Amino acid sequence: MSILVNKDTRLVVQGITGRDGGFHASKMSTYGTKVVAGTSPGKGGSKTDNGVPVFNSVHQAVENEGANTSIIFVPAPFVKDAVMEAADAGISLIVCITEGVPTLDVVYAQKYVHSKGSRMIGPNCPGLISPGKSLVGIMPGNIFYEGSVGVISRSGTLTYEVVYNLTQKGMGQSTAVGVGGDPVVGLYYKELLEMFQNDPDTSAIALIGEIGGDAEEQAAAYIKEFVTKPVAAYIAGSTAPADKRMGHAGAIISSGSGSAAEKKAAFMAAGIPVAQEPSQIPELLKLK
Amino acid sequence: MKIHEYQAKEFFTQYGIPTADGIVCRNAMACADAYKELHSPKVVIKAQVLTGGRGKAGGVKLASGEDQVVEVASSILGMDIKGYKVDRVMVAKAVNIESEYYISLVVDRNTKSVVLIMSKEGGMDIEEVAAKTPEKIFRIPIDPFTGIPNFLAARAARLLFDNESIVKQAIPVIQKMYKLFTEKDASLVEINPMVVTKEGTLLAIDGKMNFDDNALYRQPLVESLFEPNAEEKTEQMAKSKGFSFVHLGGKIGCMVNGAGLAMSTMDTIKLYGGRPANFLDIGGSSNPNKVIEAMKLLLADTNVKVVLINIFGGITRCDDVARGLLEAFKEIETNIPVVIRLTGTNHKEGLDLLKDSAFHSASTMGQAVQKAVELSK
Amino acid sequence: MKIHEYQAKEFFTQYGIPTADGIVCRNAMACADAYKELHSPKVVIKAQVLTGGRGKAGGVKLASGEDQVVEVASSILGMDIKGYKVDRVMVAKAVNIESEYYISLVVDRNTKSVVLIMSKEGGMDIEEVAAKTPEKIFRIPIDPFTGIPNFLAARAARLLFDNESIVKQAIPVIQKMYKLFTEKDASLVEINPMVVTKEGTLLAIDGKMNFDDNALYRQPLVESLFEPNAEEKTEQMAKSKGFSFVHLGGKIGCMVNGAGLAMSTMDTIKLYGGRPANFLDIGGSSNPNKVIEAMKLLLADTNVKVVLINIFGGITRCDDVARGLLEAFKEIETNIPVVIRLTGTNHKEGLDLLKDSAFHSASTMGQAVQKAVELSK
Amino acid sequence: MSILVNKDTRLVVQGITGRDGGFHASKMSTYGTKVVAGTSPGKGGSKTDNGVPVFNSVHQAVENEGANTSIIFVPAPFVKDAVMEAADAGISLIVCITEGVPTLDVVYAQKYVHSKGSRMIGPNCPGLISPGKSLVGIMPGNIFYEGSVGVISRSGTLTYEVVYNLTQKGMGQSTAVGVGGDPVVGLYYKELLEMFQNDPDTSAIALIGEIGGDAEEQAAAYIKEFVTKPVAAYIAGSTAPADKRMGHAGAIISSGSGSAAEKKAAFMAAGIPVAQEPSQIPELLKLK
């Protein structure tokens, strides 16, 4: 098993005729993901170079190809509509890669997704992967290996760094999820921790946080209460100055809260080991 | 993005949120004129700077009479508050305050919504109130579909105010704050203090607004108010090239792909006893031109003694990255040592390509950082 | 409440929904001027009446050249269409029609929402299409929280149009129709036909809007367009007195408390072989003044040969109702026989009070109606 | 048993300081309904003449008095907000008496109520009564008697007429519900038929319809498929002309549909007897 995506994932790529959408649709197909459809309003009826049928709407992709998961590459101003379209069409998992989406659009779209009983990951995220089963994202599939470590991260390349270290130590991953670097995103630590805790194929969890907000503190409290599997954490941004956005829109220490020190302290207090460098994650998971 | 108090208050006025009358002035003479125009024996003169703590820094003072106004204004104009030079002050009617409150709207990560935050502890630092007496803070998450209907505004208002005449004034004010927040893509609308005057009127005495950078593309009016300082200008310039850049002041210039990895690189430098000069995320691919531009940015900082390039080769393989770097550095003239760390897909091939170059290369972050710290000393 | 086609089109224009250029005129000379102003060799002259079926009645005609315009306009102005006199026509550019469609928004009782209704069978009577070929009608319920987002408008547009250039034009039109509907408290916004011209442009050729009477209090602009006919004036006058009144034309004037019971009373009259003169709901209580006003209304109809008062005594008891009626009729001078039926709380006491009066009284609807029918013959 | 209201109903009267609100609050109390609170913004803290505590908000009425049902008497322009307030406060049944509410307000409020998992009856309705248990409405309680006939009606006085006839024939009522005369209302025939069908104390159902819309046709189809208890119907408005609003905003035959003849035909076709006059309802229910 794994969480959220697997061999039954039937993916529709929203914005498949764009540069990024097309490129990653092809990468995901190559990895083995069932990319069953793409959308591009006004270009319905055509096919991509790889033979993926293109529809005008997600609705049609669901109707004709049984898509159950979508990945969004459309430009930021159109993301709100794209997310709502997917949720309205009955897509159960919506992964939004696009960066730079206005926060209030995310708030609105997320509420809509929730009201339809669907789930959203992102925006501004690298997607997720259940190695050997399905890649729904822009991650380099080849650095991941099937295994039993669940990975949750707010960052892209930092996830790869951690995963690369895990893989080199022979510790494969059940599912690795990049939740996104924006202040408001869909699924967050708590929801994913719960899924990993309930996933029989996940035996340990790596949590990669960063400055901004207090989701890590909440995650620490949640782990202490509900998670019995070993967890190791890493927090990026110890050296970040206050009030500066560190690349991610959500990575900002504001009004003196959201610092790495606070987050690390929360994990320590909950008995969760915190890595000083990403390379320490594998040993911390083994030690537990 | 931040704006000045007086600009926030202009938005308040536009949206019908009552504020104490005030006029923004760029010199002491203008302050004297403003004083006459306001017809108020006593006024407050407030430094307009894009940072907090101006009160403690002496940037807010009362004045009575034209002479004192000129004197006080002259003392505030030109002040330096946390690195910000005061070039504008607001001259505002002094108000007979009966009681002070805190009201703000802010995006909340946990409830994934806008949250209305209120407290009877107005005029104080709200973070301090939140830390010491969290029970004195009311938080009401707003449903984005329905906004703040009357009943909710009324319930909120009654949490703060006992007097029904004030409740009646507060209901539309709360609703208008939300309208302003959503229509302008704010990330913060704060009134602190919101006061009830001795005359029984609700007035915003101080106002603050921050905006969502991601939404500026559809808020040209807001964007036009952006006044970047020197650092922000550099960051903005970097942004126009597709970079995320933040100046930090150390000796080790960093160039990393990905924001999380870039932060992690800075942290690791610190861990190994060095000081990062900057945060720099060059984004996804690492084509030669991008590297050249990034190097220019790093080398513009004369503090930089060594450059650390930390690249995770994912979809772009390490050997391609290495080729790109070699090509880029043909065009870059510098004596500053460069440490390159390459990991990920095909990292062996990548490092092989760099073997005979002038770069110090490494395949783990630890090794690379250690080398860079060493070279920076 | 209904408005004229030209008024609906003014709303369309205000909201950016494209319509064929047209000018409303009150006489033939104005039509000639309009013809010149429109710079279109061929025009359509359309009667503006607040009823359907004007086409079949000859109220819509093509004309070319000024002389013909004057001739046609003169023939239409002054026409009587289903009891409505034509005092205005619209002179509109004739359009080269490629294809015709039906688009409307209407409140739907079953989904408890506004529904977007569309069909490729434009220009036809939509009820007929719905009855004969329901599969040709698309119905999309609109979520009041989210309205019509782009994706939904696009999906709707693609149900009707294959050409992407038309789809692009249709998306904002559908959204603007919804905006107009909600902002003006409409109960119907209908474009039939919506046409695609040979030049590839989407245009509203005919437009219809009805409004929610319950919302007129907050739509003063809409309310100002109300043009009641004689019957509606009576109904409006009745309404201002707290009555619901509809003229029906029979001989038995009815006065009933409650709309459902009033309808039931009419139906029962018919069932027993009579004809009701009207529907009249006098509402909850039945105080003497209300009864006096209601009687005036009934007696103003010279067809009325008998009055049937049907009251269910609920919270107001029958004995109180009876006392009120006796008091009221002291003030009313009429030779017309009055049948009173009282049921409900204390009905025996009530009927006892009426025993010695000139009224014909009864305690069941059947008896009362039978008596009234008898008296009306 | 009964449906929707019973001895456990704890009622808050929204708009209790108004003329109608105050009058009917007192009538309902007298009938035996547990009128536990009233609301009147700005008048919180006071009590009515009958000693019912008045609050500023429904929220407070729920918190302090455990109100679970509300009845709304506020003027039409404020009904939308009042309904939403009640639903937001956790009230499970909201009965809206007010007439003349803009339809789009009802559409919006109804959607809100639904999203909160609550139910609305009305607007423009006489309310409902479970005789001997609870009266939540403006009906004259004394004409109702406890029994086993469920009554559903779009009209007020016509309901009384039918109930009066039933009572005179010794046929008491389990619950009588006036659904309201507006085009859009909360609970309608279908939902109520389902409840009556499932209520062990209801043995027969009287359905009182009128012109306008096609809810009666839908009800007929629903009864045919799902209702096993005897049903008799009456439809008012056979003599109503087209395009005229007969008192109720919803009672209008428009575009040739919504006529009494169509509705009667639908019931007949479904095997449901239709009364020619209200007085026939009792015998039709007995005949079945």
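Going by the order they are written in, the chains are A, B, C and D; count residues from 1 in each one.
We take it that contacts are C-beta pairs under 8 Å (C-beta built on N, C-alpha and C of every residue); 3 or more make two chains touch, one makes a residue touch a chain.
These numbers come from a predicted model, not from an experiment.
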| item | value |
| --- | --- |
| Chain pair, B-D or B-C, that carries the greater number of C-beta contacts | B-D |
| Distance-maximising chain from chain D - centres being C-alpha averages | B |
| Distance between the centres, which are taken as Cα means, of chain C and chain B, whole angstrom | 57 |
| Rounded Å distance, chain A centre to chain D centre (Cα mean) | 49 |
| Chain centre separation in whole Å, for chain D relative to chain C (CA means) | 26 |
| Multi-partner residues of chain A (at least 2 other chains) | 115 |
| Where chain C touches two or more other chains, by residue | 145-146 |
| Category of the chain touch graph - line, ring, star, complete, other | other |
| Chain pairs in mutual contact under the definition given at the outset | A-B, A-C, B-C, B-D, C-D |
| Complex interface listing, chain B residues touching chain C | 145-146 |
| Residues of chain D defined as touching chain C within the complex | 27, 76-77, 100-108, 110-111, 115, 138-140, 142-143, 153-161, 164, 181-185, 188, 208, 210-211, 213-215, 218, 234, 236-241, 244-251, 255-257, 260, 276-279 |
| Contacting residues of chain B [partner chain D, same complex] | 146, 149-152, 154-155, 158, 164, 167-168 |
| Chain B contact footprint on chain D (complex, rising order) | 41-42, 44, 56-59, 78, 80-82, 84-85, 88, 112 |
| Contact set on chain C toward chain D in their complex | 107, 109-110, 112-114, 126-127, 143-145, 182, 185, 187, 212-215, 217-218, 244, 246, 248, 256-264, 266-271, 276, 279, 281, 312-315, 343-345, 364-366 |
